[in-house]
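Two complexes, one shared chain (subunit A), two partners (subunit B, subunit C).
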Partner chain A sequence: MTKLQNAIVGGVRAVLGHVPASWLPGGTPDPLIDKRVALGRQQSRVDGPDKVRGAAQFAAEVPMDDLLYAAFVHSTIARGNIADLDVSAAEAAPGVALVMTYRNTPKLGVPPTVGLTNLKAAGNHTLPIMQDPEIRWNGQVVAVVLAETREQADHAATLVRVRYASAPARTRFEEGKNSAYTPESILVERNRLDKGDARRKLAEAAFKVDAVYKTPWENHNPIEPHAATIVWRDGKLIVHDATQMINATAGSLAKVFGLKADEVHVSSPYVGGGFGAKAMWDHQILGAAAAKLAGRPVRVTLSRASMHRLVGGRMRTEQRVALGADAEGRLKALLHHGYGVKPRHSVCDEGFSLTGRSLYASESFDVVQHYVDLDLLANSFMRGPGETPGTFAIECAMDELAHALGMDPIELRRRNAATRDAVSGAPHSQNAMMEAYDLGAARIGWSRRTAEPGSRREGEWLIGMGCASGTFPFTRMPGTSARITIDGNGDAHVASAAHEMGMGTATVQRQHAADRLGLPLDRVTVTIGDSSLPFASFAGGSSQTASLAAAVSAASGKLAVQLMRLAGNDTPLAGLKPSEVEFADGGLRSVDDPARHESFTSILRRAGRSELSAIGESGAPLEILKFSMHSTSAIFCELRVSDVTGEIRVDRLVGAFDCGRILNAKTAASQFKGGMIMGLGMALTEETLLDERTGRIMSTSLADYHVPVHLDVPDIDVLWTDIPDPRAPLGARGIGEIGTTGVAAAIANAVFNATGKRLRDLPLTLDKLI
Partner chain B sequence: MTIRVNGTEVSPPDDARVSLLDLLREHLHLTGTKKGCDQGACGACTVLLDGNRVLSCLTLAAQAEGSDVRTIEGLAGEGDDLHMLQQAFVEYDGLQCGYCTPGQICSAIAMADELRRGDPSYVTRDIAASPPPVTRAEIRERMSGNLCRCGAHNGIVEAIEHMLRETAA
Partner chain C sequence: MRTFEYIRAADRADAVARARRGARFLGGGTNIVDLLRQNVEQASELVDVSRLDGAIRQSDGGGLLIDASVRNAALAAHPLVRRRYPVLSRALLAGASAQIRNMATVGGNILQRTRCMYFYDVEGARCNKRQPGTGCDALDGFNRYHAILGASDQCVATHPSDMCVALAMLDALIHLSGPDGKRSIRLTDFHVLPNASPHIETVLKPGELITGVELPPPSDAVTHSEYRKVRDRSSYAFALISVAGGLALTDGRVTEARIALGGVAARPWRAARAEAALIGVAPTEEAFLAAIREELADAQPLSGNAFKIVLVERTVVALLAALAGAHQ
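Here is the complex of A and B:
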């Protein structure tokens, strides 16, 4: 990003610093923070019954006549050109309808790239897609085979012969560091932060730690492979996709194929796990191009290997953190420098260096991150982008500092917990990280921890406990909209092109709409997952619930105005202004005189209407530029390390979260646990293995990329402060990402406590402990 | 020879390469059985073959000739009724995205039979004890071939415990 962006964001923040908080979104706290009936309860997910009986239909399962199956051929070199290409055997194979290569691929535009300024953009890289013989990463698609059956397509793909002319490729991290580049900004923040002469304060500090922490390339590996069932019908492109970016995908496909916005329809009611991966990559574009060329519908289902070759993962990082403190443990200096692999054609930032800016009140900061440009597949956002690797470095360093000081790690954090934004000075909207620590410490029994590393042993097992902070910023996306329709029975129907990949989107918004409209749950339905519905931004950055909540809330306000207009003068509500009524008991009533009430059905019937709709939109999120809005957590771990094999067994995980109000205790607990389990995998087993000689990923299967299995996952306790954030819709900040942050550090810190060995290089595999 | 799928006789496919998984999903449109990796590493495609759990992606359709295949669609009773374990998955929130869920459920049903039968596992302390005690460690070990990426593991184990409790009574 650019200097211009830094200037604009800085300017808006400066202006908002002088604008009264009451003028901004959340200036009047959402009444539903306290007035809750359905919200806050344990509510089973509405799509649960369909999912457990296998009736929820995913992208690769949409029935379609005359369907062709696609198989991809991937390049086996990292850089160079296709010198020779022989597709004759593949074309002659039984059932083959088409072999598409750069020679016959239709001309395709480059999709607009993901960003905060264009909500209809989903491109994850800026490279041309099968338009020329050039190879730009090892794994790039060089041929698409379409056949009548999947077996025929897979077989024919093996018959495509490609000879490459290799060119020198940059595939080695250490070499790439020498020519790393330094962006001006990371997401919406200025990259370089130099405040208060940190280098001098570090040199002069009574206590200091200074170490390098490494996190590997990781892949999301949702259990549902990326898939799309694609058909061109009357010049329109219809894509049944597995995506957390419905409208962005539709908008991007329109640009790529030169179509009008309403000529692309994307549907994605269920997504089989996303975690950042279910975005637009080359497969939807190639599938749509091949379907156009063949004149028939196409189903693309990526193999597990193709997922690793075509869909980017979390970048590898190497981070130096240096902390300086006085004898009381107060931070004098925080230095956080690092490298991450982000090829020039990538668009996704991994803002690991943002983590330390909000957590602690250091006197000075010296923070910057650099990107290593390699000839690799573009990286992507993955659960808790930035803060997940960032908390590993910062929170291990805090543990090291606590040990150097001889201080309890929780006490060190208590002494440094920020009471306002440590960099900008902006006030917190709400922050109770230390209350989360108190909750978590009590639950795990922190008082049982012995400070002396390696001092607890049971047989071959060394036992340890560790803790770490997690954090993730609040985001609310502008532009997300929702429609509320009241039907003739007085029931409400909410619709938005939002996404469900396991978060419980419809479940929670149904609770929300019921409370917002004064209806019982069973009189509200929620429809999501289709671009024909009112516009919604992506499901990402823990933004969807807040954005949708703002949209539903805005729609309800418009609905009230329309109902009052419709009600006219023959109503108990006559003479009242919309601001003087509220939703209650299936209708509207006077705030001051609850006896003055008229039901939806009565208003509609009298007006001769069968239904009434209103659309509302989430407005500009100015609150996040005025306030420091971050969720925080305290993660605790108790584990055993075998001094014979080096095996780590995590026996307990506790996560205590300060994320504002919790909207559904059941689905929220699952979200937190799910995030923590991804953190557990990050800590212990997950690593995408790259052959640096060839730029080829070696771990392209679930047998080689190890996600946690049942036996790895202990009972996990999750707790929350449930303190409302007055600036957030429903008082709730997002909860999807934060679960992953802090977990790897808590585990590494517990390993240190158990063994006295400080591991700074993830994953914490056995070989590093023996 | 035919294959009996959820009680219905179906013909094996003409193409010998077709896996049981693709027969179910692409030929019979029984898409409740999921394809997660197509190489036997994730368990999403687990179905019951003559009552035993198998990975349908590693089973050729032809191998199922003469056998009885039960899929997620064949577990529930008539109408809207759910199988006890399906209901427990909803109640204990043993799912998020729902994609690994049918495989988890089919796997757990056969696993319960294996436990009752007395099959020991890696975590069974006393392999002479029959049947092995129903502990969370036993359930976890025996379910470790079914991956879940959303992280619904705790809920899945609780749902299975619920079923084992109810059926033991």
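Here is the complex of A and C:
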């Protein structure tokens, strides 16, 4: 399958190489790219007031009569079988309505797995869900308890007695490396890249670095734990979920329960943080199965511990990067080999080895990544998958190379900045990474940096500065659609089954629709977050804004056609073709003669219509096959390291981003800063503690899994080039994930500058520095 | 969570009587509620002692009497504590979060239990402290936070309190009230090392209630004292190690040294050997290092915490050097 995929993608790319760029999306420049009415200005989030007031209803808050609460019992071995199961005490406990185990779970299909080819698929692993007594990872659910209250369910769950027959389990990374497998492709890229005789060029290079970088397993910790309120009504399954995959979840649940697509309804208007975590895992499926069995609605709210045992995170990686350069610092060879833990039942790639293929103009490449198959919880996507661990390795290696060359690390990047994709030769749609470096360097005061490590000191504190590039590819999802309805007052209402995890989805599309339709902001509403709305793909890959923008834009085009048809001949617009009119002042007007205008209300009134709707769809993202489209960034850090205790205190972070046009300064700044704080956590503290003896995660609380606290988070400056990408809808590439990339490398590089110690193993805890 | 009775104690005698019949004391609940929720501990009755006397007052001898129900936040902010026992205020503020300090009581802080991950993993891990005789998964597991002093092959857990490290340094007395009457005991004798019975953590007798803590009048070394906590993030993390130190100098010689260590043992560790080694010597970094090395001579690092020995050495030396510098 993946060989076939490689062939298809390669074939389409080859064909598109000959297709004129003007035929592809963005071929005709979007007039909104240069306009600054609502878009490009700061706007507060439309969902903000309701969230502050507590009026926004999250999945675990949906009121429902006759509700039962679920608690999960998790396996305590990594591999084997349930030998003996006693649920009698749990069943007899107060308030218990149902104890569901593999013995009485309804037959459940395996959900179709998440991917780019099936937008109605959300499965994160391929294992059967409580269908047999087999145990496949430590933490797998072995029983679901339903009770009248959450407390009763939790208590009864402790009374379920399970005796296991253990089998040998593969839980050790080092041992797993020996039997690692090598996939044909990573996402849509061929895995192995061997271009330009990299091994020879590396051997002959005047300067080289060759080192191994390690990043740990990281668990998701959104502020809102996973939750779903689930009810079966008249044979239909209704799920109030916390998800960034509304339609994929609905489609998958339909397959699991043998329902028609329209027999599953998923609603998720608000999500308390996604980051890749808020997808479909076993809890929605088990909750729906238990609700069916009990004949009552069920609320599932995962405890932090259950989240850590059931919701996969970022895979552990070990990456070797070797760089060879000539005396001027020009890259002659880039080698990037690595291992990541992806059990065979996992479906999510962590394409860390893709990072170095697009950032720099190396003469040759030798790139491949391998997966370690262990008996563990499936890995999944976490903010900036691939590039987040990938930039740690590549960008630390670049810093090491700069040091070996005696060259400023920004200058090294400048000399290697790619003018087109170094591997495919495809032109950039837009790229100004070095402008981002210039902006960031000026903001942090890079000229204050001393190149000699360990040369700045204040008392016991050694002070250092570091920088690193961040990068994340542009993605636009096909199949995302949006409906625009113009009502009798001439107001516009946009609807799509898109997702709001706190980043400002509706806010920005409201700005977009207002500008697109020539309306003031207060005459536009946006409704998202429900599978009954026009189909949208998942919110992932930093693709949602671009995909929605393309859909809204397409809908507006159809709307113009329909309005012209309705307008007929008795209109100032008579005789004009749809291509000769534009939206303005609450209606349509002639492009050539702005005096010829008719308002929406007038057109609708004359036609005897109370409203008019049009649905548009985001088409195939052919632009990403023709052009090299990546957001980039320059991350800067200034920090102190105690030479007594090894403690690191980050004093400043600056992120300068080149992501095309910024649509809303306020929501964009939040996205960038939030991403950078996740990068800070990755650098300093975050690590899933897996006890390799048992395959058991030990860090299942926020006390043991350390995310940054306020005191760890420094002053963060974010700025951007704000140069529109002509190939991206609205000129904007995605910004949701790039903030996390590059941060850990910038911090590790600053630690080297402060101390002279090169740490290549995250997190940078103090024991590694003393 | 199992159901339990909640009763607010009428007075100390009522609390003690209930505890003798099996009730558990409830202070701020910042630890025991977690322990109950996670099924690490069970209780059929909780007797709330957090509303019993909560005063801080001077003792007859010029020291300080602190009722057990005083909240951590109130103790840290008390003018007498800040002026005369700065190390205690600093230690308290280094612990937990503002919200937790607002709830946590002095008595509860002393009795809080280890944060060893295996201790809390009721379903999946072995723990001699939680279930005597089952084994210790921390011995060869994650033991980065664990003990380097006074541990046994049965248990390597540490006591997590910051406040207690300062109290150990201050020669604090714990006042107890029990079925057999009242008694007092030095804080450094209150917690016991694990040996073969790590589930026994203190010398408390059944039904005994901590009623208060008494601080002796501050000596010169206490007035010149400091607390330094070293941890994995800037706040809301338990100590990898911590040091409470105080120094008195006369004519360029150490006349009094007080050192207590946190995060190294099942109890706050008063470094008596190091203190003795410093009396009469010149306050140099070499002397401080030699002294703390004497204290750590018996240290036994585990697979994941050998760094603690170096960390203690460096932190003690830096803290004492800063104190000596401030004297001059």
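FYI, the second predicted complex is superposed on the first by the 769 of 770 C-alpha atoms of A that agree within 3 Å, B and C clash if a C-alpha of one lies under 4 Å from a C-alpha of the other, contacts with A are read in each partner's own complex, and residues count from 1 in each chain.
Quick note on the criterion: a contact is a pair of C-beta atoms (placed from the backbone, for glycine too) under 8 Å apart; a residue touches a chain by one contact, two chains touch by 3 or more.
The model shown is predicted, which means the values in this text are computed figures rather than measured ones.
Novice: Does the superposition put A:Ser670 against subunit B (first), subunit C (second), both, or neither?
Specialist: Once the two structures are laid over each other on A, A:Ser670 reaches subunit B alone.
Novice: Does subunit B (first) or subunit C (second) touch A:Thr301, or do both, or does neither?
Specialist: Only subunit B; A:Thr301 stays clear of subunit C.
Novice: Taking the superposition as given, does A:Leu711 touch the first partner, subunit B, the second, subunit C, both, or neither?
Specialist: Touch partners of A:Leu711: subunit B and subunit C.
Novice: With both complexes overlaid on chain A, does A:Glu151 touch subunit B (first), subunit C (second), both or neither?
Specialist: In the superposed model, A:Glu151 contacts both subunit B and subunit C.
Novice: Applying the touch criterion given at the start, work out whether A:Thr76 contacts subunit B, subunit C, both or neither, answering first, second, both or neither.
Specialist: Once the two structures are laid over each other on A, A:Thr76 reaches subunit C alone.
Novice: Could you tell me if A:Tyr102 is touching subunit B, subunit C, both of them or neither one (first, second, both, neither)?
Specialist: In the superposition, A:Tyr102 contacts neither subunit B nor subunit C.
Novice: Let me test your reading of the model: by the given contact rule, A:Leu689 touches which partner, first (subunit B), second (subunit C), both or neither?
Specialist: In the superposition, A:Leu689 touches subunit C alone.
Novice: Quick one: classify A:Trp461 as touching subunit B (first), subunit C (second), both or neither.
Specialist: neither
Novice: Counting residues of subunit A touched by each partner, does subunit B or subunit C come out ahead?
Specialist: The partner making contact with more of subunit A's residues is B.
Novice: Taking the superposition on A as described, I'd like to know which of subunit B and subunit C A:Leu766 touches: first, second, both or neither.
Specialist: Touch partner of A:Leu766: subunit C, not subunit B.
Novice: Across the two complexes, find the residues of subunit A that touch subunit B and also touch subunit C.
Specialist: Dual-contact residues (subunit A): 151, 155, 701, 703, 708-712.
Novice: In their complex, what parts of subunit A are in touch with subunit B?
Specialist: 44-45, 47-58, 60-61, 63, 149-151, 155, 220-225, 270-275, 301, 303-304, 501-504, 666-667, 669-671, 673-678, 701-703, 707-713, 715-716
Novice: Over in the complex, which subunit C residues touch subunit A? Could you list them?
Specialist: Listed in rising order, the residues are 1-3, 37, 39, 115, 117-118, 120-125, 137, 140-142, 144, 230, 232-237, 240, 307, 310-311, 314-315, 318.
Novice: Help me check something: in the complex, which residues belonging to subunit A touch subunit C?
Specialist: Subunit A residues touching subunit C: 74, 76, 138, 151, 154-155, 158, 460, 644-647, 649, 684-685, 689, 691, 693-694, 696, 698-699, 701, 703-704, 706, 708-712, 765-767, 770.
Novice: What part of subunit B is in contact with subunit A in the complex they form?
Specialist: Listed in rising order, the residues are 15, 17-18, 22, 25-26, 29-39, 41-42, 44, 71-73, 75-76, 80, 82, 86-87, 89-91, 93, 95-102, 105, 123, 136-137, 139-141, 143-157.
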